[in-house]
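Following this line, the structures themselves.
Both of the next two complexes hold subunit A, though its partner changes from subunit B to subunit C.
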Partner chain A sequence: MPNKDLNVQFTNRGRSGKIDKLNIWGYIFLLPFTLVFIVFQLIPLVNTIYNSFFENYMAGLKQVGPNFVGLANFGELFKSGDLVKYFGNTMIMWILGFIPQIVLSLLLSSWFTNPSLRLRFQRFFKTVIYLPNLIMASAFAMLFFTMFDITGPVNGLFVKLGIFKEPFSFFTSIGATRGLVAFMNCLMWFGNTTILLMAGMLGIPVDIFEAADVDGATPTQVFWKITLPLLRPILVYVMVTSLIGGLQMFDVPQILTNGKGDPMRTSMTLIMYLNKHLYSKNYGLAGALSVLLLIITAILSFIVFKVTGEEELNKKAR
Partner chain B sequence: MKNVKKTLAMIASIAMAGSVFAACGGGNGGSSAGTTAATTTAAEAAAETEAAAETEAAAEPAGDEGKVLNIQVWNEEFKSRVTDHYPGYEEVDATHGKIGDVDVVWTITPSTDNAYQNNLDSILPGNADAAADSKVDIFLVEADYALKYVDADVNVAMKLSDLGITDADLGDQYQYTKDVVTDANGDLRGASWQACSAGLIYNREIAKAVLGSDDPADVQAAVADWATYNETAAKVADAGYYMTAGYADTFRVYSNNVSAPWVQDGKVVIDPNIKAWVDATKAQVDAGQTSASADLWGDEWAKGFYSGQGTKDVFCYFGPAWFFNFSMHSDDAASIAANGGWGFTVGPQGHFWGGTWICAANGTDNPTLVKDIILTMTTNKDVLKEIATADSDCVNSKSVLADLASSEDGNIALLGGQNPYAVLAEGAEKVDMSNLSIYDQGCNEEFQAAMKNYFSGAGSYEDALAQFNSAIVEKYPELTTD
Partner chain C sequence: MAGNTNSSSADAEFKSASGTLKARRAVCYVVLVIISILCLFWFYMLFINATRSNDELGQGFTLLPSSHLGENLKNIFNNGTIPIVSGMANSVIIAALTALLSTYFSTMTAYSIQVYNYKGKKAIFTFILAIMMIPTQVSALGFVNLVKGMNLEDNFIPLIVPSIAAPITFFYLKQYMAANLPLSLIEAARIDGEHEIGIFNKIALPLMIPAIAVQAIFTFVSSWNNYFTPALILHDSSKKTLPILIAQLRNADFLKFDMGQVYAMIAFSIFPVIVVYLFLSKYIVGGVTAGGVKE
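Now for the complex of A and B:
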């Protein structure tokens, strides 16, 4: 009996030694990612949270702080009520852009993936709808700023065609400014979304569609009863990434409104607000705002995931 | 296919080069050496001989001084002044030059959104410890934030006395130009070649049509104070013109005549005169006498420098002498300025606008050269007279201005041959800088931006004021507001 025990121990030791060796290689492969993650993500993240508890800014060329102030920065952010307003602006502009974007993308991707339509020049169109995304957002915004200026070509054209009686000042109208931001975001991202949704649709087994065909389902029924439910995981992914991107909306409204978020700061997004605090190198308030943004993003993503993904998860659990 | 690609690449690069030159032309206002850029061999040869002749006159820097002179600026203005008027300066390319065997490096950071100041803030405090070739030697400041950089505690700008420049050297300069760059201990830390008293620049054609005369005295009578100015504005608007191009045009006239600084004891205070600007401008916007969407320097605003291009032609702009050369597109044959269509008068209230001060950066390794540049550019009467006549700048020298006021040399073509120097010199004597604060740029900018919403009808005065207050607290966390 004791002999047997010894044997077992022996083999065990031998085996575990082998595993250790393999493990080292695993860690080496993980090292580049982990290092990059720690240096460029984790340390800044922890640092931001740490900074949010301090009063620390530049008054002219003189440094104020850092003095520990506890949660005072968070209190200040909530006290003014601006935060809620800018969050509202961000969400309104995101939703205004996202709804047409997802509708357009669903329509285009179902056309592209529908074999019975036999669309020609598919490759060309797929490239064209993706193109706006290749332009730098700031350049795109600058272009729109020039085009929709009161002396710009759009006004010139509309006045000449008799649609406007006199030039319309787009950038002093709340609706027009928000609408332009939403339109630009939609235009820039619908190609990307279309490609993602197409990938999702092509992943649905063809036999299901064929069976539906045999059973005499109409295209509308196929879309609502087969394509959409099976597309849900991809849709959730698109929604979550777009939401996070939307919350971080910055370059388009920043350039379009010259950093002012006019009219009346109704197109000022959360990140533009964050940028305002960096003018005075106000690391405390900017840090607090970043932490809040992290929390908001986490909560919203969780909600989206819960609402749209719950059934899917339940099904899998069963 | 290859050829097609090549052609496309060619077209693209030509278009890019074209846009670059176009941008230069717009900003530079057609100053000679900046735009000639030696495109023809003849011009090159001429420039070379000229430069060779001038090199002899240049001050020889001491042997142990730096080989690179770094200059921080926010636009092309000072660069073109040095290129054209500093003896011995040779242009190498758009951001490089040579003075003797010292390389001059220009770093241009636009002042939009505070980028220029942010840049200075990050490099000036550590300038003394920077590598020899990257030490900043000269930086420029504007009146709106000069006090921030000439602060004795901050000590980023050298005292002129430490450079060996005496009060006697600067005796011919206007007092206000010294007040702007004097620290709390009374030490001078910068100097300017400009005296920027400003006036009302009016469109002669519209003056004839509406007022029946384009004579400066007659126009002055029609804009002598704000009440008559407003009456004239109504007449001008009835005739189908804008009085001013945009809502912010009259701001400087009001803000220079305030009774107290923007910030008192750490609190932002709206002066009664600033409120008066808001009320007057709102009334003008509502009456269609000015545009609520035309930002200063924007496209819509600048259309007034031409006839028949904007929504309406513009009767007047407010500006100092640098405005003529720098802003009014006089190099474009189609502009009103190129045809001498403007006139100049004092306007409802005296004021000043802008101006550029030269500061020696603490830690410079080229003190001799820096001293010579400051002295040559701001006190040498020949150079100053040359600047005034070539660039229609109003220079910071009482005797040169008096000289110009009484001679044909002071007649300016874009003003239809009018000589504005007597008016400008008188204005420069009167400029009062006692209400300056280090927060002026932020306050002026944010106040105009916030009030734009009130003028355009996007919000009430109270809403706009609240927006101004939150913008100020974001910019200057140490301040409080109402």
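Now for the complex of A and C:
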């Protein structure tokens, strides 16, 4: 949303000359950002893309390459099937976490913003639900690993309560491991999403609700026919940014499965795969994988950009 | 953002039947309490287990604390293989400097875009917004190569300095500045003969403190929690940050370990953030929307 007030500022004052000279300071103040961006982000990005076209890996202690191989690294990524498998894992765990996350967030935010409900202790509940978002993901994953271990407290509790007959081995079950990763992601992010959606709901003009009220709409109708459609831009924003975040899923499954993605690499994510190549110094494949991730996130970012831009236009139209 | 009275389903149906409203409210509270327990249970169990000895932990589940917290803490402070104290110090240094540099220079970048008028400004602004979503992981390979080339492995510089170019922090501060920095104030200072750098540091920066504080907290927390990049750069155990040490803890032969110590270490890395959060939660929860949704 390029700001509308950008151009009004010093444009028509060139006559004095002094202001024009002062605008040099705009460039000077921009310098730290530009320099750091070029050195620590642009150069690494170009280097990564460059590396994706070269064969460059360690065979035992011997380094192979770098030799230019064109798009062979990309071909290898797709041929081995690992990429597709890990992309699938990432998406499954993201969806498993995102669905309860968005349902819970919609429910809570519509309650919090509902004037007729007048819920008390809102500050307390908001503080609690946002808390997991700030916790170090790696420590949180380690905590879950100890909690859900076969000798851990969760098994202890469930056996005591008679829910389990005997301790259940969570980390050898595909569903349980993926489910735990999804559960943790949901727990860490639903508070954040709730607060974002609340802002969206509070932004809907009151007269629309009043009109619905006069027409005798039920709360359910109001939610499905008014709140949800008007919330669409924010929902798309939340979904796409969550998807971009989901593609970066790393800390939780990495710590939970000790980097192995067990059982049988069914909880291995794309970034864990990238991390593995970086550690084994297979720079060709790491580069190719990075480029693919870059392309996917660029497309998704573009969608966010479009949607928030449209939202801005709608606001002006109002 | 409008007030609470502004919003959804002000429905006649429930106003007339206050019994139904009460029932609905009760359902809300029950669900909210269950969700809160689901959020807090893990941290409560962490605290309980950090107070128990390895033997007690072997005896199974309990909700009551024991008396071995001091002993467990003493053990982790003396643990030679996982230096948790230096890990905490390293994490604090890196996160604090990152928050400081990132907010200062992001304010400067925002100031450049907001206050001055020059060629290419619009393009630069659009460009920064466009790269906002690109994750750092996609350039990690080139970043590691660069750091090796600069001979900066096991150094904190590559973890701190890159945060000077932080598009999201910049965007938040830019939005805040557009609403809260009167250009007339800058003009007046110019007439008084103040230097441009002086105007930025003495007039613009103080006015931005509320927004800078919010962003400083978020930057601190995300640097504190960062595991991926530091793990690629820091190899020397005296240089490692908390998340790397936690990963090492996961790597260690789990069953041979003193579980009391394991819980104490996790607690040691989680509870400082929780304590700080409880003091600052008002600003943090309020700051989320301003950064995320473009209003």
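One rule holds for everything that comes next: the second predicted complex is superposed on the first by the 250 of 318 C-alpha atoms of A that agree within 3 Å, B and C clash if a C-alpha of one lies under 4 Å from a C-alpha of the other, contacts with A are read in each partner's own complex, and residues count from 1 in each chain.
Heads up, the rule we're going with is that a contact is a pair of C-beta atoms (placed from the backbone, for glycine too) under 8 Å apart; a residue touches a chain by one contact, two chains touch by 3 or more.
All values derive from a computational prediction rather than experimental measurement.
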Checklist entry - After lining up the shared chain so the two structures overlap, which partner does A:Ile195 touch, if you call subunit B first and subunit C second: first, second, both or neither? => result second
Checklist entry - In this superposed model, does subunit C or subunit B come into contact with more residues of subunit A? => result C
Checklist entry - Can A:Pro32 be said to touch subunit B (first), subunit C (second), both, or neither? => result second
Next on the checklist: Taking the superposition on A as described, I'd like to know which of subunit B and subunit C A:Leu187 touches: first, second, both or neither.
Outcome noted: second
Checklist entry - Which partner does A:Thr297 contact after superposing on A: first (subunit B), second (subunit C), both, neither? => result second
Checklist entry - Which subunit A residues lie in the overlap of the subunit B contact set and the subunit C contact set? => result 146, 149, 151, 258
Checklist outcome for this item: Interface with subunit A, subunit C side, in the complex: residues 1-15, 21, 24-25, 28-29, 31-32, 35-36, 38-40, 42-43, 45-46, 49, 58, 60-61, 105-106, 108-109, 111-113, 115-118, 121-122, 124-126, 128-135, 137-146, 158, 161-162, 164-165, 170, 174, 178, 183, 190, 196, 200, 221, 224-225, 227-228, 232, 242-243, 246-247, 249-251, 254, 259, 262-263, 266, 269-270, 273-274, 277-278, 281-282, 284-285, 288-289, 292-295
Checklist entry - Can you name the residues of subunit A that touch subunit B in the complex? => result 57-62, 64, 80, 82, 146, 149-152, 166-167, 169, 171-174, 258-260, 262-266, 276-277, 279-280, 282, 285
Item to check | For the subunit B and subunit A complex, residues of the former touching the latter | outcome: 113-114, 118, 121, 124-125, 148-149, 151, 153-154, 156, 291-295, 298-300, 303, 309-311, 438, 449, 452-453, 456-459, 463-464, 467, 470-471, 474-478
Item to check | subunit C-touching residues of subunit A, taken from the complex the two chains share | outcome: 1-3, 5-7, 9-11, 22-30, 32-34, 36-37, 39-41, 43-48, 50-51, 104, 107-108, 110-111, 113-119, 123, 125-132, 134-147, 149, 151, 153, 156-157, 160, 187, 191-192, 195-196, 198-204, 206, 209-210, 213, 216-219, 222-223, 226-227, 234, 237, 241, 244, 247-248, 250-251, 254-255, 258, 271, 274-275, 278, 283, 286-287, 290-291, 293-294, 297-298, 300-301, 304-305, 308, 311-312
